[in-house]
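Data first, discussion second: the structure below is written as structure tokens.
The first chain written gets the first letter, and so on, giving A, B, C and D; residue counts start at 1 in each chain.
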Amino acid sequence: MTNLTSAELMIVNAARMLQDGDVVFVGVGQPNLACNLAKRTHAPNLVMIYEAGVIGAEPARLPLSIGDPTLVSGALSVVSMYDIFTNYLQRGNVDVGFLGGAQIDKYGNINATFIGTDYAHPKVRLPGSGGAQEIAAWANRCYIMTPHQKRRFPEKVDFVTSAGTLGGKDGREKAGLRGKGPIGVITDIGILEPDPTGELVLTALHPGKSTEEAINNTGWALKVAAQLRTTAPITEKELGILHNELDPTGIYLKNNG
Amino acid sequence: MNKLIPLSEAVSQFVHDGDSIYAAGFTHLIPFAAGHEIIRQGRRNLTLARATPDLIYDQMVAAGCARKVIFSYMGNPGVGSLRIVRTEMEAGRLEWEEYSHFGMISRLQAGAAGLPFMPMNQTGATDLEHANPLIKRVTDPYSGREVIVVPALNPDVAIVHVQRADKDGNAHLWGIVGEQKEVAFASKHVLLTAEEIVDEKVIRSDPNRTLIPGFIVSAVCHVPGAAHPSYAQGYYDRDNEFYLNWDKISENPETVKNYLDEWVFSVKDRDEYWQKLGSVTHNRLRVKARYSEKINYGSY
Amino acid sequence: MNKLIPLSEAVSQFVHDGDSIYAAGFTHLIPFAAGHEIIRQGRRNLTLARATPDLIYDQMVAAGCARKVIFSYMGNPGVGSLRIVRTEMEAGRLEWEEYSHFGMISRLQAGAAGLPFMPMNQTGATDLEHANPLIKRVTDPYSGREVIVVPALNPDVAIVHVQRADKDGNAHLWGIVGEQKEVAFASKHVLLTAEEIVDEKVIRSDPNRTLIPGFIVSAVCHVPGAAHPSYAQGYYDRDNEFYLNWDKISENPETVKNYLDEWVFSVKDRDEYWQKLGSVTHNRLRVKARYSEKINYGSY
Amino acid sequence: MTNLTSAELMIVNAARMLQDGDVVFVGVGQPNLACNLAKRTHAPNLVMIYEAGVIGAEPARLPLSIGDPTLVSGALSVVSMYDIFTNYLQRGNVDVGFLGGAQIDKYGNINATFIGTDYAHPKVRLPGSGGAQEIAAWANRCYIMTPHQKRRFPEKVDFVTSAGTLGGKDGREKAGLRGKGPIGVITDIGILEPDPTGELVLTALHPGKSTEEAINNTGWALKVAAQLRTTAPITEKELGILHNELDPTGIYLKNNG
């Protein structure tokens, strides 16, 4: 199983972290593919919800945006944005959230707001939070899918759009957050997970990847877990579903970022 | 009361220089026709509020209508950067005020409810709170813990596109109903555009579907196709191709100017715009029917 | 996940002595069948919350199920006094906690939203605030003025009757939808009864009509006629005659006991109750059809 | 026009206070009849809304309760109770509210909660606020329909369920209330309205009624306005609509209290 793309590695490994019955706050693109892959393999009862207000979507085509009409037709429920963020997310009815951003730091803080030193005068202005600030705080657990690149993994983000581990479980509880926060960062090299202090450490490598690769592509002194795992090889079945059923034209599969 | 007037008249009567505007719709039912009419009528110094500025505000900012944007996600949804708004922000030529989606929609909910503020639970991410002084804290008197609060947003004008309304402005919406109801109740004036104007009997056949009552509406305009390149669930598809094209068009001020000249200033109204789109686009956006199961209200 | 079980099993599994209960429904869809089943199973020391205790709580209090009521309007709607609850309160045998309707529904909204409290504007009537220490004040940080706040209400069990649900608990409701959605999201368990169990396809044909998603539901019970003497819009009428009769029945502990014996303890379940009502009552409550106009979601 | 019932006098005079286009928060019984009468005479565009969540009802029969299904079928809109109390009432979209209670005092305060001296040990327990506390505060203007009896008009109510004039316009503004409060009390003798200090004074008498009657049936020293009006006689047309169309079996018309 050589020549896997970054997208394939991340999507399949993210899919495997989802459990049957999970209620997942889905983003478009790779998270959407991961959810649909899980639903067609080990998690048939996974419920996909979208910040646009769609619950239990069964999209007939690959949606370009989280507000695509294919998500609505045949969904279980459609509700207002206020309801999604209150009754669903804040109330604790969302098991899993996916997060992403331009920068992710040592403690899982994510920056999707701006690059630079002064908020009022951004060097590069990014889109901003959208739903991310609340998803990171209130979904029971969060995953991040990102290519493993040094510029994406600084020691400290320029702006905290969504909160990371806050020093681990106690820190988040003290801050009054209901969810566990970013408990897995899935990259194209391996998987980072928070240690008890909340610092992201390398806990798994994909087959054929090395600890050095991971360390060299991380902006802080990345620690390696005592019991470093190797992720299970990606199967032909998983790849088949991805390429033949979910993204036949390869819109998100060929995209490495 | 019959409030049916042409869109040009509604914009001329209810949208003024310096107003704060909220053009509603989360991806769905975005009122592009009204946005283009505002550009054509040359409004200036508007404050443009929307969770996602989307292409509609990118175009209005490009046309020089705006002094300020209020938003929670400034991107081209599903594509990437919203180039014009971003450039103007980076250049310091456009004021902005920023929230998370939940903060934005909580501001609208407070505005709709007639409350001064809405509470939200803490998120542990405090940088935005420090960047935006309108985000404050209040102590929950039951637990002694702090909650985050945002102030009511009460725009001068809500612009809302709906699938069907009667001439009084009683409106049925379905599919993604993001923040339309909240925006309508929060605003001082509601300018409604509709795919179809239907008899009041159609509205009264399904009162649970009526999210906006006519008596809070200032003007009703019959504008089929008003949401393109956004979509109207059951009427036409989202023009994803155009969303991708805009990414190219908006790279260059010249191509933006040409776009506005050709598609906004040189067309009289949405009818002409829709005809100009042509049959290939019409066919691409056409949708096969898929009906809801009826329900029985009973005759009492 | 299939959650379809008999009502007796659902009550036995999810309603415990000492629980706080909210039997939802403002006049409409009041879940009498579940109330009667709770009486039959002899639950004790319940806290019964409802905006309007209505006949359902009058009967449950009469049967000795309750320790406390939480309410905002303690009357027999359209008739007058709610005699049993009133007598027990006046006699000091029943605890109570009181709000206005808006206070009550704000407590549920906070509970559903996962917020610790909800704000309400001042009303100038402060006596209830002094009588109920859970009603507090918070200073609006924007104006410096005080708002009233009430704490979240999160009952142990929500009991919600709906017109149609699938076996997983995804539910369509229409007509008066008072506080059903809020109660369902606010509670730890949701016990659903439904006039009809339909295929998931029916639910998915109209997702905007789904107010309660299956994954927050603990049990689904197929109980036609469950709301009588309340009603189910489109299915049967409100039994106003019984509401008037109850005013007489409840005047006297003896007639109340006889009523409970005959209509609750001596019937096995709602089927038997419905048959016992007889064809004259069935005909009186029968409703002619009046359908909603269909809508098109489109096939995308 | 002799032998008018109390109900007829109050309903017709209340109907006349409603304006075309008014959005009215309706109760069942007499207020419902007043609204329907106004709609069929001078106020065809009156919009009736109910705290159960119904907007623009066109009931085909006389409803017994405010949650009657006849209010729903054919209504313009049906919304949740939370929406009714927030988006409609608190936001200022309700022009008129009707109020009632066991006691109404000199300043228009209403008691619908209990009779006695100790809330925890009521002599007579009444139903309580329902929607009244907020209607009295936030509807633009409120009317009260009540038979003119001394026990209903004490100098001071035992419990303020809904606020009255609070010393007039300034008092309510100072308390942060958006509506004008109870601006008219319609009895079977005449009409009381607040003077600039907020005290209810007699401003009109129905034909054939006397100032003495009003004073003798009021629990405080009722003042009489300098310019005391006489209400216009009730017409045959008004009575015809009430008896032939709106309440043919006389459920609410024969009720004198």
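Rule of thumb we're sticking to: a residue touches a chain if its C-beta (ideal position, glycine included) is under 8 Å from a C-beta of that chain, and two chains touch if they have at least 3 such contacts.
Computed from a predicted model, the values in this text were never measured in an experiment.
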Path length in steps (a step moves to a chain that is touched) from subunit A to subunit D: 2
Centroid spacing, where centroids are CA-atom means, of subunit C and subunit D in whole angstrom: 29
Separation of mean Cα positions, subunit C and subunit B [Å, integer]: 37
Intercentroid distance (Cα basis), subunit D paired with subunit B, Å: 40
Per-residue multi-chain contacts in subunit B, two or more chains: 114-115, 120-121, 145, 174-175, 177, 181, 205, 208, 233, 237, 287, 290, 297-300
Contacts with 2+ other chains: residues of subunit A: 54, 68-69, 72-74, 78, 89-90, 138, 178
Overall pattern in which the protein chains touch one another (line/ring/star/complete/other): other
Interchain contacts, given as pairs of chains that touch: A-B, A-C, B-C, B-D, C-D
For the subunit B and subunit C complex, residues of the former touching the latter: 114-121, 136-143, 145, 147, 149, 151, 163, 172, 174-175, 177, 202, 205-206, 208-209, 233-235, 237, 287-300
Parts of subunit D lying in touch with subunit B, wherever the complex brings them together: 21, 23, 45, 47, 54-56, 58, 60-61, 68-70, 72-78, 86-87, 90-93, 138, 178
Residues on subunit A engaged by subunit B in the complex (per definition of touch): 28-29, 51-54, 63-69, 72-74, 78-82, 85, 89-90, 109, 113, 119-125, 127-134, 136-138, 159-163, 166, 172, 175-178
Footprint of subunit A on subunit C - complex, ascending: 1, 112-115, 170, 181, 185, 200, 203-205, 207-208, 210-211, 213-216, 297-300
Touch list for subunit C against partner subunit D, complex: 26-28, 51-52, 71-75, 77-79, 81-82, 86, 89-90, 92, 98-103, 105-106, 108-109, 120-128, 131, 145, 174-179, 181-182, 231, 233, 237-238, 240, 243, 287, 290
